[in-house]
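First, the structure itself, so that you have it in front of you.
Going by the order they are written in, the chains are A, B, C and D; count residues from 1 in each one.
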Amino acid sequence: MTLVFHNLRKQYGSHVAIDDVSTVFQPGLIHGIIGPNGAGKSTLINMTAGSYLVSGGRISLDDRTLSGLKKYQIANSGVARTYQNIRLFDQMTVLENLEVCFYPTQVGQVWREILWPPFAAKRRINRRDVCMELLSFFGLQHYADAEAGSLPYGRQRMLEIARALVTNPRVLLLDEPAAGLNHHETTELTARLAELKSPDRIMIVVEHDMDLVMSVCDRIVVMHHGKLLFQGTPAEVQASSDVQLAYLGTANDIDDIKTAAKDRRAQLGIRARRRT
Amino acid sequence: MLGILIQQTFNALTIGAIYALIALGYTMVYGVLRMINFAHGEMFMLGAYAAFLALTLFVGDIGGVGALALTLVFAVAVVGVGLVGVGIERLAYRPLRNSNRLAPMLSSLGVSLSLVTGVQIMAGPQPVAFPSFFPATRIGILGGTVTLVQIGILVAAFVLMAALYVLVNRSRAGIIVRAVSENRSTAQLLGINVNLAISLVFFFGPLLGAAGGILYASYYGIMTPTMGAVVGLKAFTAAILGGIGSIPGAMLGAFILAFVEVAGTALLPVLSGGLLGTEYRDVLAFVILILVLLVRPAGILGEPVSEESMVYKREF
Amino acid sequence: MSSVDTSVQMRMRGGRLLSLLILATAVALIIVTPFLPNYYVRVANGLLIYILLGIGLNIVIGYAGLLDLGFVAFYAVGAYTYALLASPQFDLHLPFLLIVVIAAAVGAITGILLGLPVLKMRGDYLAIVTLGFGEIIRIVINNLDWLTGGPKGIARLDKASIAGIELARPTEIYWLLIVVVFAVAIFVWRMEKSILGKAWAAIREDQDAARGIGINTTNAKLAAFATSATIGSIAGVIFAASQRFVSPDSFALQESVLIVLMIVIGGIGNILGIVIGAAILILLPEVLREFAEWRILFLGLLMIVLIIVRPAGIVPRTFGPEKLIRGLFGK
Amino acid sequence: MKLIAALSLTTALFGTPVFAEEITVGLAGPTSGPQAFFGTTWHNGFKLYIDKLNAAGGVNGVTVKIDQQDDQADPRQGTLVAQKFCDDDGVILGVVNFNSGVAQSTLPIYEDCTLATMTFGSNPALTQQGYKFMVRPVANDFAGALLPAEYALQKLSAKTALIVNDKQVFGQGISEIFGKNFTAGGGKVLDTLSVAPTDVDFSAVLAQIKSKNPDVIYLGAVMPQLALFAKQMHEQGVKATLMVPDGGYTPEFISQAGQANVQGATVAVQAPPLDATPAIADFATQYKAKYGQDAGPYSIYGYAQGQILEAVLKSTKGLTREDMNDALHAVKADTAIGVLEFDEKGDLKVAPSYLYKVDGDKFTLIGTK
């Protein structure tokens, strides 16, 4: 009952972005993927979610092959994700952003929903209950009827995670969830992520914020130039000289990683402000 | 048989050259603003009317007028229409630059309707005979008949397109326009005057369209207030076919479309065994457009949409 | 907090008055119109047909965010379905309601056939390809003389009748249209509120993210195309039955553009907006009839001004019919 | 019905029918959009005569007011205009329906409200549907295409013809009839090619035609396509004789095509030569004086319809719609395009047809029927 990368490979023309990556992600754990910019972290997430095609190798979930399926099929197999640049449905309300996730399970009886008002009402209440519970978990219940695009940046990040959780996915892929968040928000996020851990759920976090990764992740995969450099517990990663050398180049202190991450955050923060 | 082939080739080249001049305007505007400018066909129409006006005002009778005077009239008219284009952008499109993508497009529909009706009111709805700039000499080439007018149009169109090519690729103005086409926000951050680039595009696009209009009116000997609609749609189709946003694409698309039209007329009845007559010519053109877009979703020379840039955000 | 509450209350009270005013005017207009001279009834019928078309096209443009410039094709399909099945052309005289059902089915199939190849396209490419389809259908209708009568069209169509009640005079067509427009509007509104409507909105906002939450965008888009085409086709049937003559002239590209304009000027994605947009673009030229071609110029300039002043349309997307009704009860 | 009630009320009150001093005539046609040119110039011809009529004090003191409406050549707009005329009790005659398509959708409306119309659409089918309140003061396409076929076969000794049409009601209809007549007379139609009504470039079609080398080309279309085709035909070196329908009977045909390009082309039209009577010679000059431009291809018909109206007003029993209809069907009007009378279907009893040849910058009569 695991998510497995078998000799995964991604190639753009002659450029190899992911080179022969094999690893296993266990349920009940939070897995971190780290690595310098361009190491291929997001590419892994995008391939898992079906946003990018897989050039070689295979991704499987619970012995079922995901790679090659269409993106929506992968989502319906229990893989949910967030995006590096927040991608909410801006002009829909916060609540609707979550409700729409019921589409795969509810579209079958959509005719009944359109033509038979009592059924529609029942469904609406049902959807609302599930979604409001999730919103409350992320402290978004007061925003339920606001347009998603009008939310503050940090709230949008939370909403995106909430959206990924509506269908109670087996695999939750978080692509830089802390990017652009302030310290307070990052703390909140860390707490939420820890609470989200459940025995059936495989959680994968791509993140530059080392504090977050080190505190919340159980296992960490280190990527470097498209290759899997190292994997292990946070303590093992911090202790690995390989990681320090390759990841940091000449530097040898984890603080440098933090500086790099801060730069990255500032960069994304600018982007975030421009968006709103 | 060879005669027909040569003749039809020249027919297609002439039509293609005129389409190309107009398609360039669509594609340039699209390049910088990602906007379909439905009023662009009207620049084509305005060109013909402006030239006619300039002729009557400055020259009077066409007979016995030297080439210099004609060139001057031509220049005055196209520059005039270019300025009109800049003015329209200021008034009708600039206020909409940061709104949804549908808005400027529909504003351009309003501009188009206003221009056609305006000209209809001022100049009357009737077709007006337009003087020919070239002598109606016929030249026989291997059994085919080619007119001097056709050759004149081809030469004029190619000179204009070459000038545009040099302008875009070799001049400072061209660099500005290309930078804005490439990425407007980055260009802005680099201190490039985006408004200037857009004004330049809205000057040269209509200018070329107007030139096309004058050549067209002179070739067919006639102009009408509604002449822009049909040709504009064809040129737009050509721009899409070639890959909208791409300048060589617009030219290529225009010539392909023209050849398809001519081939449709010449071959459709033969190929379909008489089942489909020449009346299906435009159907053939659209079918080919659709087939091309199915194989190359961004047109022949359009930049293919890469996986990474497939960010499908709300468009309107 | 309390100041916020009062302002909300004030807005509510104002909203209530506004809702009451709008609804009362609408009801009054609906009831009064059939008692006016026939010219006004015919104008109203034209308006209602365009509202119907607007509601149909709005599904694709306003809800799913796909720019369709060939909508008139479905309108033509419906009109010609009626013309072929209820006229001397082939001496077929099927009952009106049966033809409505057939036309709805034919419309839906055409919608899916058109939708299939264009699904991967987006934005401007979709626009030109749908435009091409619209033109192809018109050209084919104009040239299949043995079937459609070619440019001559098909004349002397049967009068529509339901359960023995003849629907041919302007007032009769008017009531038919009122019923159909309300039925379709309610249906489409419920559709928008359903999970499918939310999926359309998600596709409109971010197609890729919509796939990411498990929406089969192909099917959802096809559903949008098919529903929209069905409504267009039904509008075509009623148009043909009221005009009792069809010819390719009625299905030119400009009609598609007109309907798009209606939607955008009125307020994209909103049924009330469509009504306002149709009123401006269909009624205004009638009101200004005596100004001949000046009215067209005026209309063109008005379009530019309206779009600049309100790029997203006169009625905001959020001000839907349910707002009106809620406003009425002060909720 | 309302009208009749109102009238019987007036009759009851005053004992005798009251004759209004001014009557209203509904005038509808495409005055905006792509066909604005035809509609406007046709209307201008009508207005030219009516203005003259009114200036001269009208007919027995009755002057004519024109309610001019734009139908944009769109059947839907046409029905609105028709209903507007019907609803206006003051309108007692309609000069309407430039397009056969518009006519098809409006004739039932005029029939319902018993408003007599002079319909312009020339498609033969229009008068075959039993409408009692319409006449057609123009020759239908049967008449318009007979003479050219005969002329081609007999005078030009043509063996082969090629037909080009614009796939519009008029162009396709009249060219089909030409084809039938030509074949019936022993000629051979080599091919029928269609162009789009918006086309201006015929070079590709012409190159195909050239290879078929027909004796005559019949072009079923309207201006300005007629002129454009003639011009390009000459430029591409196609030698056949060009035959066109009535739209070409205008100086613009020669000027827009270029005089040299159009020599020998024939035009079949219902109108006698412009110099046949002083009145018609006058028409052209008056038109130019009033509107500042040459008469359009259909202006003369508008003018003649004004003359029909005058004759109707002279002979009508009263100024009700029914009376006008009776008078219209019984009228024998001496117009610029000949003496016109209608049969029970509303078609012209004798549809005069004249065939002209372009000769220099003039049309020379070469045949009549």
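By definition in this document, contacts are C-beta pairs under 8 Å (C-beta built on N, C-alpha and C of every residue); 3 or more make two chains touch, one makes a residue touch a chain.
Not measured: the values here are computed from a predicted model.
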item	value
Number of hops, chain C to chain D, where each hop joins two touching chains	1
Central subunit by CA centre of mass proxy	C
From chain A, the most remote chain by mean C-alpha position	D
Whole-Å separation of chain centres (CA-atom averages), chain B against chain D	36
Approximate Å spacing (C-alpha centroids) for the pair chain B, chain C	33
Centroid spacing, where centroids are CA-atom means, of chain A and chain C in whole angstrom	41
Mean-CA-position distance for chain B and chain A (Å)	47
For chain D, residues contacting two or more additional chains	31-32, 36, 167, 194
Residues of chain C engaged with two or more neighbouring chains	142-143, 204-206, 208, 293, 296
Overlap residues in chain B, where contacts from two or more other chains coincide	117, 120, 277, 279, 282, 311, 314
Complex contacts: residues of chain C adjacent to chain A	187, 190-191, 193-196, 198-199, 201-202, 204-206, 208-217, 219-220, 317
Contact set on chain B toward chain C in their complex	30, 36, 91-92, 95-96, 99-103, 106-107, 109-115, 117-118, 120-121, 233, 236-237, 240, 244, 277, 279-280, 282-283, 286-287, 289-290, 293-294, 297-299, 310-316
Chain B - residues contacting chain D, complex	4, 7-8, 11-12, 14-15, 117, 120, 124-127, 129, 132, 136, 138, 145, 147, 149, 220-222, 224, 226-227, 229-230, 261-262, 265-266, 269, 277-279, 281-282
Residue ranges of chain A in contact with chain C within the complex	49-51, 70-72, 75-76, 80-81, 83, 87-92, 96, 99-104, 106-107, 110, 113-115, 117, 120, 123-124, 127, 163-164, 166-167
Complex contact set, residues of chain C against chain B	61, 65, 67, 117, 120-125, 127-129, 132-133, 135-136, 139-140, 142-143, 204-208, 253, 257, 260-261, 264-265, 268, 293-294, 296-297, 299-304, 307-308, 311-312
